[in-house]
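The following blocks contain the structures, represented as structure tokens.
One chain, chain A, links the two complexes that follow: it is found with chain B in the first and with chain C in the second.
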Partner chain A sequence: MDTKRTTFNNRLLPYLLLAPQLAITLIFFIWPAAQAVKSSFEREDPFGFSTVFVGLAHYQQLLADPNYLDSLWRTAVFAVSVTLLSMVLGLAFAAAVDRLTRTSKVYTTLLVWPYAVAPVVAGVLWWFLFNTSTGLLPFFLERFGILWDHDLNGTHAMILIIIAAAWKQISYNFLFFLAGLQSVPQALMEAAAIDGSGPVKRFFTISLPLLSPTTFFLFIINVNYTMFDTFPIVDATTGGGPAQATTTLVYKVYQDGYVGLNLGSSSAQSVLLMLIVMLLTFVQFRFVERRVQY
Partner chain B sequence: MAGIHIAEVSKVYAGGVKAVNSVSIDIADGEFIVLVGPSGCGKSTLLRMVAGLETISGGEVKIADRVVNNVEPADRDIAMVFQNYALYPHMTVYNNLAYGLKNRGTPKAEIDARVTEAARMLEITQYLDRKPRALSGGQRQRVAMGRAIVRKPAAFLFDEPLSNLDAKLRVSMRGEIKRLQRRLGTTSIYVTHDQLEAMTLADRLVVLNGGRIEQIGAPLEVYHAPASTFVASFIGSPAMNLVKGELHGDKLAIGPSVIGLNGFAPASGTVTVGVRAEDIRIARADEEALPFRLEYAEELGAQRLIHGTVGDQQITAAVSPELELAPEMQIAIDASRLHFFAVDTGKRLPGNVPAEAKLAPVEPVA
Partner chain C sequence: MVENRPFLTFLTHAFLILGFVIVALPVYVAIMASTHDISTLMSGPVPLLPGSHFIENYSTILTSASAAHGLPNYSHMALNSLVMALAITVGKICISILSAFAIVYFRFPFRLLAFWIIFVTLMLPVEVRIMPTYKIVADLGMLNSWAGLTIPLIASATATFLFRQFFMTVPDELLEAARVDGAGPLKFFRDILLPLSRTNIGALCVILFIYGWVQYLWPLLVTTDPGYYTLMMGMKRMVTVQDGVIEWHLVMAGSVLAMLPPILVVVFMQRLFIRGLTETEK
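This part shows the complex of A and B:
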């Protein structure tokens, strides 16, 4: 039997109902993206009087630019580290809370809080904690002989933004992993327990494989998050420095476009960034999904 | 192979709810015990305590003469078949069967031999490479059984394993479980709320109600000599008729009618009288009879159930389908077929026990 369908007698009405959402999508997503693609093929004079079509010149320049390739590499390091760190910790917290019975609601609520913190605030918070002269963490690190200085040390700066970005994302991953763990039937765990599998082994041989759809989903979400949504964190903590050590692709788009006013190159970079994310998502769906169980 | 001894086992949940109340059962090596009762009677809780999935609040569980109260489920040498099968969805049938053996560090060659053997026995050899989701309900049930038998445990625990199957499959799987258990000779505890399943599978059945044992006995013993009105109404289909009666010496009054008991009266005063539907027959002209007002009839094929009243009490009788029905009929019951229960406690009153209850149990065919 067919599912019940609502039919409109008025041919215009469906379009009218869709119009607000379509308008928002067109004005705020499609149009700017199209503008970016268009201006990535153009060069504008410094005063904005004339634009010249230059074809793929911006792209050729970018791909030959060691600064850009360097940023690409840093972004890869950043994205992989943030994704791994936030997913592993999110899963660890979820596994811990899943074993609780009475207090789990309290812990869940507390663990979700960081997600409500704005990225800029999260960045500033960690910037304070890691502040070279007044921060708490450098004070303790000094006792272990580590002189923390993310203003001068590129590695330190990278670690700082990784921690700040991952910290915010743990909550999100935690929630999804917890929901995933709680949907694993209790009887499966009991069957495994009778089959001689201890809690740790049960986690790795039963829970984790059954979580693979969740893991796959979170992987895509996290990579996209680090690619795009981490701009405020970088901006508030390191400003891309020192010596471009934390200039990720999205931060470079901003720097070259809004600070350097090189709109053509900036547009080309954002188009490349879009392509990278599209490619990653495609690869993930195509190859990772095949190994997803259940 | 081992016996299981359950001694005064109780389960008290937080908040003081007593799910199982001082239950004792001695299960011999190789015996097939069925725990039966309505939902909430504590049968599953009891089974889970034997399995080690539920802590034991009081009493002692012994498997093969070893107290296992504080032993992990994995170390109790038991295998369990769950109601929803609990197969690992991400593993093939082969790995589902092999998982428990791998965890115990069984050599690979032996795992292979045991899985192959179990698969052959259950006729699931051609499905070994499939995932559970690609199997039908009956096949999943077999895999769940296979997972239990590969381990060669001291005891099988079944938690309503057939309740997710359709009626026809349930009957055939029931037969297979019985056949397999006879063949392997493994001590088994089987939980069900289905009295027919309990009757057909059990060597002995344990009727539970409200966390307590109502009766333990061979299926026919329980059927022919129920220890209480609860057992009488729970075991057997249709349920035993239970009516109010009054004993005067050797006479029994049901409503306005009186019948003689030929010396079978156990007491005097008000009692609950039980009578199986198949023990009621149409009265001959020359005997004491009860007037039966027919309300409706149910056809079962081999017999016909007629429902109606004697006085103001409901009675169901099983009669031959050839019998001609009339709105008013005269029914008779042999006094030796009557069961008497105390009105206040519902317990069976001492007295006659039908001869069938003393029949020797059917010898198991290997």
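This part shows the complex of A and C:
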């Protein structure tokens, strides 16, 4: 990794400059992570007097626990649905705004602000819209013969958090897709138009393939977002229910550890989550490097 | 635009307007609901036109509503949110710009190690290490304190990388000229790097302010004293009622007020916001 051609040659100063960042990282990031790894191999007695090394027992228990596997599966469904929904809508809005010239700024402003809405507020707003006694949407759904009840129906609860989580993320995807579309060379578009391909064909044969690096990047970012940043949506609305139907992996770590005080299992879950984030980060950075050359 | 297709342009406008209506729907409904009283809301689907209880609801939420849930005053929680968001913003920018300066402008043993330690924070979001981080904060006696609420959140790999990348594009000649003129590292940093970084700092401020304002899990873990509750905690408390009905008219008024500051920041500082978002890449 490079520095400048010329550098300062103070001995102590760089360490002093780095000290606050490194101290916080070591104390609040790396040390707790190491503790999580350590206690995932240990069992503590109920009074916290002694701990015994139990090896991989917690992991074996987790991977044999239908509740955990269930939560893993639900998180995957949640992440993929939110990612697809918010990316498709973001791309559609970006493609539309990209077609316009004078009004594109206005539409951008109209579409970016949901990014600033807190996840917990987003959750509460959609929860209210879907509320069985006061909400607007169940009232309409009833006309189509659907009796909406996210307090009892797990699928309904899942749809609720998918919509709330995707809604917040559309603006992020929109901005990145718009930036990508605006960097597609105009000459390509003109050449294709002269050769007689219409806007739809141009979108699918030129814009979309050229957007594939952006698409891939956004896919990773969105999966990451859905897995880790949607905790407030779940906590404030469904609370993981009904019957675990919306218990994501992160929510389960919180419930088992902070609420249920099952340290060993919660730590093992933390470690598995860390592995997932590491994998996602690794893929993301491998890719970002390649994107620079693109 | 490559060619003129009036009908397609019309469709584009129609699609975007429809899209905006759908995206804005939950917020519109929230605003409408916040102008009705609870009996109107409970008697059927939310009216889509404003009611007559606007002033009443908003003055209730600002004065007495939160006390009923054992919460501090709404303005107190708003102030807490503001302090937390600003402390996180300023803290992250300060420590990141200093570490980027050290990494780019000095050569010293363990430089690469320092870089990797900072990088690792990307892989350890608080969500994956809830219990052990809570324990550390508790052991350090930082539960229910401003230090506990903000300091663990201000380490930032993305901000450090952004500044590093920017410093790499600053011409070497500037440093050489400064050294010829006898400027030390701190003078160079203050008089040359800092002014040059203004736009980047501005862009980061917008992103980080939103990040700080919407924090939820961390305050939930480290504060049990309602005096430290932020608006986000208050929202959660107001919708978790054991028995009886949720006071939707007040919850919606509270939501509208709670989302207003970051939305205004995004709308009025849109250029900086987009720059910050696309350059930090999360």
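Heads up, the rule we're going with is that the second predicted complex is superposed on the first by the 272 of 294 C-alpha atoms of A that agree within 3 Å, B and C clash if a C-alpha of one lies under 4 Å from a C-alpha of the other, contacts with A are read in each partner's own complex, and residues count from 1 in each chain.
One rule holds in what follows: contacts are C-beta pairs under 8 Å (C-beta built on N, C-alpha and C of every residue); 3 or more make two chains touch, one makes a residue touch a chain.
In this text the structure is predicted, and so the values were computed from the model without any measurement.
**Student:** Which partner chains sit in contact with A:R5 here, chain B, chain C, both or neither? Use first/second/both/neither.
**Tutor:** second
**Student:** Given the touch rule stated above, what does A:P213 touch, chain B (first), chain C (second), both, or neither?
**Tutor:** A:P213 contacts neither chain B nor chain C.
**Student:** Who touches more of chain A, chain B or chain C?
**Tutor:** C
**Student:** Touching A:P185, do we find chain B (first), chain C (second), both, or neither?
**Tutor:** first
**Student:** Touching A:G135 in the superposition: chain B (first), chain C (second), both, neither?
**Tutor:** second
**Student:** In the superposed arrangement, which partner chain does A:D195 touch: chain B (first), chain C (second), both, or neither?
**Tutor:** First partner only, chain B.
**Student:** I'd like to check the shared interface: which positions of chain A are touched by both chain B and chain C across the two complexes?
**Tutor:** 190, 193.
**Student:** Which positions of chain C touch chain A when the two form their complex?
**Tutor:** These residues of chain C touch chain A: 1-3, 5, 8-9, 12-13, 15-16, 19-20, 23-27, 29-30, 33, 41-42, 44-46, 48, 94-96, 98-99, 101-108, 111-112, 114-115, 117-118, 120-125, 127-137, 140, 151-152, 154-156, 160, 168, 172, 175-176, 179, 184-186, 188, 210, 213-214, 216-217, 220-221, 232, 235-236, 239-240, 248, 251-252, 255, 258-259, 262-263, 265-267, 270, 273-274, 277-278, 281-282.
**Student:** Could you list, by residue number, the parts of chain A that touch chain B in their complex?
**Tutor:** That would be residues 185, 187-188, 190-198, 201, 205-206, 209-210, 212, 293-294 of chain A.
**Student:** State the interface residues of chain B toward chain A in the complex, per the touch definition above.
**Tutor:** 51-53, 72-75, 78-80, 82-84, 86-90, 99-100, 103-104, 147, 151
**Student:** Chain C touches which residues of chain A in the complex?
**Tutor:** So the residues of chain A in touch with chain C come to 1-11, 13-15, 17-18, 20-22, 24-33, 35-36, 39, 89, 92-93, 96-97, 99-101, 103, 107-122, 124-129, 131, 133-136, 138-139, 167, 170, 172, 175-176, 179, 186, 189-190, 193, 199, 202, 217, 221, 224, 228-229, 231-232, 235-236, 250, 253-254, 257-258, 263, 266-267, 270, 273-274, 277-278, 281, 288.
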